[in-house]
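What follows are several structures.
In the two complexes below, subunit A is the common chain; its partner is subunit B in one and subunit C in the other.
Up next is the complex of A and B:
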């Protein structure tokens, strides 16, 4: 194996980790505050992809700008979904069957509405820079992958700053730590939940718009990314935002390097990813964040 | 009195039921030929992943039926019958494809079925014809496995995929003989994980074994259809450091894979995606990125036969656009073969039509060779054309030489 063979997957993994983290952040936000496993995550990503596509096709708006525009639109959409459906769910400290079924059913509705509007043809967004790459020595870095990575990282950094410095962010973190104590100190859990669901949906729609720049999509889009998001948030620690970033990086590295193992075909990549999920659930149920926290406390 | 009435009433009821059953039995065994029409089932995907090629094939079928009907219909023992199409969209779903084929053959009692675009859908449908003893012609499935079960009612107008693979290798070998490529080049193969992909790979490897010294296969791996991310596979292809990249993929996978191929800055001296290459959807999605890709296809509008030009004109008038790649042509000739067989059989008896299909020869076929005849296993065996996307949006026939419209550009600049 040459140095190029070793570094090429590393570059790919780093670029991939950024988008993986962005797409999983929405799910973590919603789970952390509301203890809802958002199975409609894939549907929101799919809608984000189509949102960027329609803006590109009809108004020639660059999909990167389309992704940014997706944030407020999907924020409002998420709040609407919460008001219409999610607020009726019973509160719980654990994910409930009712929440799983509700979000799964809503995902199916979104999918079928998308089939009606856009049929089942694969769509793709091809910009002037989609097929071009930056040449650095023996390495080629796809421009669109780089732009998506930068957008994803900026969005995560902005989110982290907002969560640390804003009253809403502190309310969210309080609810994640201890919902009862948070209510006692005056956090309006209903309003925070609605805003949280909106924020989580906004991030998911944003991620979907970014993914549309990389992959072709149909109404079934989002399913493999939903499963990857599960792996990432379990790997990172279900309620930890920094854990999501670590989990995304680990998954991207495993996916890119596992295929270099002799006799392991590229088609086994998903099996390896989901195998990682099983290993983490068995040996690290609180994820990497839980492990680091234990070590920090022990230290 | 009331007992007598009841008894008589019951007798009439039983008699009516018996007559109804007998009628259904006899009517059911005679294919639908009411109102001077002959019903043929058409099961193709016009939605789903295979929707685009399926739509083109349906257009070929519809055009053929229209031409036959405009000419008065099929002559069966001196009487003319119009063709009536019973169409179902299988949505690119194998299970649905099989179910709809069965429905057409049983409930709809069609005389024959044209169906099965793509090997996966064709394989699903292919179990029904013998079960329901109804002739079935596939214009879009070419895997050898479909025709190797000994089915009696299964026919296909696509030449075997193994031949596609060996023709691809033969074309590359020809480039070596011309001095355009060096001998001993390395080939990387990425094949779809279907019988189609297996056959394609086998065809290439068989040719290489029979012509030692020309090429070596340094990488061969399968991938699942419908993948959104081929970066891992392409990473391995890149690491193989091959000179030639040969893939066998469906249209959407070709577009996705080639986009990622271009984004990763990869380059090979020659590149092919099997039977995909010149499709307008790929040109729209990838622009000049599709230049120099070559493909082995079952038909090209550049063929010089007069019937091809007539077909293109009719097709443009009928659909409003030019034929996209080979899809409509094989479907068009499938209907013509069926019509010829019905006429030859002089009957709509399905067994007679089956026997006629085995003998019928279409002498003005659109397909390469201009003569179409089913082989003993039901599959045709005409030669493939190799076409290459060339700059300026051109798609030229580059092999075989006697039908070529331009010289191949090799190696890729």
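Up next is the complex of A and C:
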């Protein structure tokens, strides 16, 4: 095996990690604030993909711009979903049966609506730069992957800054850290929850639109990515933003290097992310963030 | 529930299941058409899985989206056994054992932790197992497995097998709900810490109830596989490992009323019969209908059909001037994890 064979997966893993982190962000913030595992995450991603697709087909809008346009649209959509369904769920400090089933039901609805509109066939977005790539020494880097990576990283950085600086971001982080104390000091948890759900949905739709540039999609699109997002946020320790980035990188690395193992076909990838989840749950139940914390205390 | 009524309702309640069982036992002798027997057969198979899911999801409060794995493993194990010329009873036992073993694969890493780990892991395991089964040479891969049993086919035999299995599943469900083990499960559902401090081991309780439920689901899959000459892992609605199978298994107890003994049975019976009509008449929107149904039940009637019936009975009794107390199940459900913990 040459050095290139070894470095090639590394580069594609790095590029993939960006979009993996972006797609998991929405799930983390919703889980952090409301302790709801958003199973409709998969449905939002799928809708994001079709949103970019429709804009591209009808108005010839570049999917990168389409992804950005998805942000406000999905923000409003998420707020609507929260107003219609999620706010009726009883509050809890851990995921409830009701919240799991409700979001699951909503995912089924989204999936079927998509089947009715777009039928059960694979679609893809082919832009002028889809098949071109950049030569960098012995490596070929696909332009789409690079663009998606850059877009994802920018979005994450903007989100980080917004959450650090704004009043909303501070109240959101306060709710994640300690919901009761946050309410005592005057954080409006209902309003914050609604905005968080909107923001999480916006980010998920955005990530779905970006993913549509890389993969073909059908109404069933989000399911493997739902599992991946969950593996990533578990790796990151469920509520930590920097943990998500590390988790995304680890998953992308494992997936890309698994191709080098003989007899493991690409179609086994769902099994790989599940295997990783099991390993993490067994050895690192609090994720990477938990591990770092422990090291800190010991040291 | 009050027991000292002039009209002892609990007695009716305990006799009714036997009457229904007796009627179902005699029915084939009364000359049922092949089609209706088949419908009842599939309904029974669904009901077994519904009762099994309820042990984990209803009694213990652990939502699983992955019962299709046990159903499929049971079906494939039995299929391979029957093809090898084994006795059907032995095949059913092997299917149960296989499914129970697989349940530990999901349970061992996830049950130790609280939180959403188990529920999501079950989605993952469905995907992973379906992919593996679609690529496995031994089982014919994605093209499926033909099951050839070297015996004459008697529909009644299959009917009675399924009926016996339902009776067994319900009996297990009743036994568990009345035992110390069942109380421990309900305690875990309400508050794991409190349960642990009272000497319940949440980890092993969850593992065992999951294994029992998986074994029952495996038997259901085996009965399905023995009846139909062909099974495939399939992503579509027909495949035994399909995500849709898992959805159906979860939907039935939710419709019927989770956490009760009879709710899932009711849900299974209603679903089995309605599903047939739905798939034939609305093949395009049946997921939509399921989704909306799930949302409506969670938001408006978390106790399902059983809860609805109970409310109707209460209304009826109140109009006769008899104030009915709350059922223990209802109290548990209200204070259980569905309502969540209050501030």
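List of remarks:
Following the convention adopted for this analysis, the second predicted complex is superposed on the first by the 293 of 299 C-alpha atoms of A that agree within 3 Å, B and C clash if a C-alpha of one lies under 4 Å from a C-alpha of the other, contacts with A are read in each partner's own complex, and residues count from 1 in each chain.
Convention: contacts are C-beta pairs under 8 Å (C-beta built on N, C-alpha and C of every residue); 3 or more make two chains touch, one makes a residue touch a chain.
Predicted model only: the values in this text are computed from it and were never measured.
When both complexes are overlaid on chain A, the residue A:224 reaches subunit B and subunit C alike. Touch criterion not met for A:201: it reaches neither subunit B nor subunit C. By the document's definition of touching, of the two partners only subunit B reaches A:135; subunit C does not.
In the superposition on chain A, A:192 contacts neither subunit B nor subunit C.
When the two complexes are overlaid on their common chain A, residue A:155 makes contact with neither subunit B nor subunit C.
In the superposition on chain A, contact of A:144 is made with subunit B only, not with subunit C.
Once the two complexes are overlaid on the shared chain, A:282 sits against subunit C while remaining clear of subunit B. Looking at the superposition, the partner that touches the larger set of subunit A residues, subunit B or subunit C, turns out to be C.
Common to the subunit B-facing and subunit C-facing surfaces of subunit A are residues 224, 265, 267. Residue ranges of subunit A in contact with subunit B, taken from their complex: 5, 8-9, 12, 16, 119-122, 124, 126, 130-133, 135, 140, 142, 144-145, 215-218, 221, 224, 255-256, 259-260, 265-267, 269.
By the touch rule above, subunit A contacts subunit C in their complex via residues 31, 37, 39, 85, 88-98, 100-102, 104-113, 115-116, 180, 220, 223-224, 226-227, 230-231, 234, 238, 265, 267-268, 270-271, 273-275, 277-278, 281-282, 285. On the subunit C side of its complex with subunit A, the touching residues are 57, 61, 63, 65, 108-110, 112-117, 119-121, 123-125, 127-128, 131-132, 134-135, 235, 243, 247, 250, 254, 258, 284-288, 290-295, 298-299, 302, 337-343.
Touching subunit A in their complex are the following residues of subunit B: 47-49, 51-52, 91-92, 193, 221-224, 228-233, 235-236, 238-239, 252, 255-256, 259, 262-266, 284-287, 289.
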